[in-house]
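Mind looking over this structure? Questions follow.
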C-alpha cells in the first residue's frame, strides 16, 4: 500500500482523483493539500465526499510529505508544480503533475504559451510525458510524470498510428476540438457561466491554445519531422466529455477498413483504446466517467482525407484517470488497476 | 460466486445493472435475456459495453435459467415479471423485480393504476418490498423482491422517520417530485424527445402517477393509519437525478436541528442515507451515479411545516443500485458490496 | 414617441429590455447607463447587439436624464434604484424599478430581507406594485412602478383568483418554485457555474428567499387577512423559465373544471394569462421569450387540495416584459404593444 | 397583404414560420395544411400557439390553394414538395420549399443522396436556390424557391467570399459542422432522444450527409471549378444553433485583418451577415432566434490555413427565416421585413 498526497485539493482534478482512488486497492489518500482552504474539510466544498474524506485539508509542508507519502499528484493550476517538484528530485517520492508545467521541454516555449517562468531545465529533462500508449517503458522508469493535457491526449492517440505508419501527410493536419465545460475547472468566468454556455457552442482561444505546442511537439517527435497543426477548440454545453475531429491528407491509397485494422493492431496491447467498427463513431457519452479513449476512423475517398474521431472523458483519460494509469505503471501494478470500470450510460 | 441473469437486456435498468455488477466480486453476469434482440451482442446497441459483455443476448428459457443461475434481475417494463416470476416460486432462484408488478399487494389497485391483470395473489404475498432501510430483516429472508419505484424510494426515505416519530401529521402531506429524463426509459416519446424536454420543466401525470398508491401504501403501513398524499411529478432537463421536495404540517414543536438529529439517529446503521447539516440541502448531482439518498431538513417556524429534500440517482438508488443492495442482503454479503463508490462530480 | 433610458446596462434585465423595446413603436432607447462600463459600447459585452446599439453607454447624470428622457427602467441590483428614484419624484419622468427596492412597503421588512437601508417612506408610498392583472388602474396612474419579482409574479397570478374567491384556505399554502439560472443574473458564483448547475437540481435559499415577504404581502392584501406561505426555490439546469407548483387546502367543494372556469373568467380581460384545459398543464418552454403566464389547475379530490402550475419566462413576464406592459399602461398605449409575440418553440 | 399557406403544419419548420409571420405586416397565414392531423387545431400539439391560431388545420386541396393563397411555404419532409409544386407551375402562386427536394438540380444526384425519385426536370430548372446573399437578383424574379439546407447556409456564407476572391484553394476544404437537435425535427429516434443526446457529442452521417452535394454544387458554381469538401456533422446537446468551422489552404499571402475587410466589403449590402472583429468569434447563442449569420475569421500563419466560424440559428436563417427573407425579395418588400429582431440572449 502506497501513501498518496493530492495537492490542489479544491479543484475538479483533485475531486476526480479522490473518486478514482476510492476504487484503488494499493493507493491510500494520506493527505489533501490546499493552499486556500487548509484546515477545512473538503466536504464543506464538496458535500458528496461526506463519509469518504474526514481529515481536514493541510498546508503544503515539503519535509513532511517526503516522510509520509510515496506518491504526489499535482492537481494545481499552471505555475505551481514547477516550483515544488524540484524539491522532490533526488527523493524517492513519485511526482505526477496534471498541470501543463512540465509538458513543453523547451523553456522558451513554456514562457511564450504559458506566460510564466519555466521549471528548471533539469526538472524538465527528468519529466516523462505520461501518455502510456506511446511512452509506456519510459513511464515505468520515471520518477516525475508530466501528465498530458486533455486535448493532446485525444489528438495524439487519434493521430499517432497514422503518423507513425505514414498513412497521412505531416502537414495540413486539422484538429477540431470540442470540450465540455469542466475542462475550464471550477473558477468562475464567462467561460464557465451557465447562462453564457448553455444552449451555445463557443469557439475559444482560436490559434492561441497552450495545447498547440504540446500536440505539435509529440507529433513531431513521433514523425521525426516538424509538424504543425491547425487546432481550434469549441466549448460545448455539457459538463464532461471531449472529442477531437481530425482531418489529414492521405499519403497512401488505403480504405477505412485497412486504417481500422492498422489502429487495432497498433493499440492491441493497450487496454484503454477501443477502435470502432467501420461506419460507426464514438460519442463522448460512451466514455463518460471512464479511462477509455474511443476512436472512429473514416477514409473519405472523394477528398483523399483521413477523418478521425477520438473521444475521451476530459477529467479521466484527459486528467485524473491517466494520472492513475501512470502511477500503476510506475509501481509495477496492472495498468488497469482501479480503472476497470464501465462508462456511466446514459 | 453467484450466477446472475438480467431479463430486459436493452433498457437502461439492465445497462445500469451491468455497470454496477462489474464492481461486484460475488456476482457474475451469466446471461442477458432480451425478447426483442436475442442473438445479438448488447454492444451493438450500447457500444460503451464493448470489451465487457461479449456473449450474445439470449431468449427467455425458464428451465435453463433454473439450472444455470442463482439470481435474476427483472429490468422489464410493467406487465412482464408478473407472468414469469411465478414459475420460479418454489425453486431456489432469487428474483428481484425492478418493475412495478409486485409493489401493490392489492390486485385491484394494480389493475386500476397499471391497467393490466395483476400477478397471482400468492406471488404478491411472497414478494418483499425491497427498501432495506425499512424492511432489512424481511429482505434478508426473501426469495422474491419487489424493488421500489424511484419516486417512492426518495419520498419514503424522506418521510418515514417523521411519520414513525409522529413529528408530522398523517394528512396534508405534499410531495413535489422532480426527475431527470432517464426515468422514462429508452423508448421514444414526446416525454423523451430532446427538443421538447431541453430548456423546459414539464409537469406530467398530475394526479395519475402509478407511484401514488405505492407511496401511500407504505406510508400507511408505517403509520398504521390511512395516509393520502398530494403528489406531482416534473420532468427536468437532465438525464439522471431525482429529488422530492416534501411538505408536511408539524404535529410537534420541534426545531430543524432536532429533526436532523432524529433522522440521523433513525438512519444511523444505514450506510446509504446521508443527512445534511442544518441550513444545507442536497442536490441531485451530489448523489450522481451512486446509491446514496441524501436528505436535507428544514422546519419552517413561520408556517409550522416540515420541509424535506430527498435526492437520489433514479437509476441507482431508484433502481439498479437498490436491487444490488437487496441482493447483497439476501445473500448475507455486506450491504455496501459493489456499491461503495463516490458520486461522480461534477 | 417617448425617450427611454435603461440604467444597469450590462445585466440580463437590460439586455432583455433592449430586445423587447426593439419591437416597440412608441419607445426609443435614448440612453443606456452603466456604472461599471460607461464609455464602452454594449456590443463589446454582448456582440449579439452589434448593429442595434451603437452609442456608448453613459454615466449616470440625473439632470440630463430629466431633460432628455421620459421613462427610466432600472435594471439594477438591489440597493441602487432606491437611492436614485427619489431624485425623480416631482419630475415628469416615469420610473420603473425592476429590482426589489420598492416592493416591500414596510421599511423594516426591507432591512430584514435585503440587509440594506430602505428607500425613503414617501418613495415607498408612491410606488405602485406593477402586476397589471391585479393593479391595472393604479398602474395607469403611477409615476413610479415597482416591478414584481419573478417568483411573486408566477405565484401571485397562480393563487390570487383562488384566494379572492375563497376557494382555498389562507393558511397551509405551499409554493414550490423552480427556476432557470438566468434569474441569478450575470454575476459569477457557484449558483451560476455551469459544471455545478448542469445535470443538477439545487434547492437554495430555503426559508430565506427575499421573495417570501413580497408574496405574502400581496396575498394578504387581496385576502384582507394575514397569509403566510411555505416557499422553496430550486435551481433547474436551464437558462430561462420559471414555474411555481402550488398546493392549497380547498375551502369549497369544487371540481377541476369549475376552478378552470373561475380562473378563465377572472383573467378574461387580461391578454397575457392563458388558462389550460382540464388535464393539461403548462411547461416553461411554452412561454419562452414571451410575456405569457400559462396556468394549469387540478383539484385533487383524494386529498382535498388545489394544485396550480404557473409558468412564466423569468426575464419577460418575470422582469423586462412586465416592465414594458406597465409602461404601456402608464402611457395609455395598448397593454400588448411590443409584446404580442409568439413564444419561441422549441 | 398576401395570403399564405403552410404545408406540413405539425413540424418545427411550420411552427417557426408561424412565429416569424406573426411579426410580418404583409403576409397573413390563411391556411395550415397537415396530412396527418387535418381537422385538428394546431394548439392541440403546440399549446404555446393558443390564442394565435384558432382555425383547424386543413387537408391539402390544390385547387382551393390556387384560389385562396398567394404564397405557399412547404415545411414538409423530403419527398413531398417535389410532387406538389409542379401543380402550381404556371399559376401565380409563389412556392418556397424548405425541404431538400429542389436543391440538387441533377436528378441523379437527388436519387443517390435522398433515395427517392426526383422532381420533374422542368421544376428543378425553374427553382431558384434561395440564398439571397448570393442569388438576390434571381430570387427577386423567382416563382419557385428552393430554400437552402441549414448546414449549406452556414458553410456557403462562410466560404463563398474566400472562394470568389481566390483567397483559398478549391481543394482540401474541411467543414466541421455542429448542430443542435432541432435540426432533426420532431420525429422520434435515437438521434432525438434526450438521454442519448444530453451531455454528449455525437458524430453522425460521416461521409453520407445529403448536404454534401448541395454544398459542393454551389461552391463549384461560384468557383467555376469542381470543388469537393470533407464535411462532418456533430450533434450537440442544445436545441437550436448551428456552427460550421471551416478550414482551407490559403492561396494568397493575407492577414486576418485583410480577410475580415474582404468579407465586410463582400457582405456590405447584406443586412443579415455580421462579420466579427479580429480576434473574436461568434457563438450560436448570439444568433439565437434571429436571421443572422455571424462570421469570424482567422488566418493561421503557422499553417497557412484560413479558419472560418459561421454561426446561424438552424430554424431561422437555416430554414424559416431565410424562407421569409426570400418571400420578401420575391414580393418587393424590404428584405428585413418581419425579421429585424434582436437575438434572444441569454
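Letters A, B, C and D mark the chains as written, and numbering starts fresh at 1 in each.
Methods note: a contact is a pair of C-beta atoms (placed from the backbone, for glycine too) under 8 Å apart; a residue touches a chain by one contact, two chains touch by 3 or more.
Keep in mind it's a predicted model, so treat the numbers as computed, not measured.
Colleague: Which other chains touch chain C while also touching chain D?
Modeller: Per touch definition, common to chain C and chain D: A, B.
Colleague: Among the chains here, which has the CA centroid at the largest distance from chain B's centroid?
Modeller: D
Colleague: Approximately how many whole Å separate the CA-defined centres of chain A and chain B?
Modeller: 36
Colleague: Need the CA-centroid distance for the pair chain B / chain D, whole Å please.
Modeller: Going by mean C-alpha positions, chain B sits 46 Å from chain D.
Colleague: Express in whole angstrom the distance between the two chain centres, defined as the mean CA positions of chain A and chain D.
Modeller: 39
Colleague: Among the residues of chain D, pick out those that touch two or more other chains and give their numbers.
Modeller: 12, 182, 195-196, 198-199, 237-240, 282, 285, 288, 346
Colleague: In the complex, go through chain D and note every residue touching chain C.
Modeller: 12, 15, 18-19, 22-23, 46-52, 182, 198-199, 239-240, 274, 276, 280, 282, 285-290, 294, 340-346
Colleague: How about chain C: which of its residues touch chain B in the complex?
Modeller: Residues of chain C touching chain B: 171-172, 174, 176, 178, 180, 195-196, 198-204, 206-207, 228-230, 232, 234, 236-241, 243, 245, 247, 249, 281-285, 288, 296, 298, 300, 302-303, 305, 307, 309, 311, 346.
Colleague: Under the touch definition given earlier, write down the residues of chain B that touch chain D in their complex.
Modeller: 12, 181-182, 186, 188-190, 192-199, 237-239
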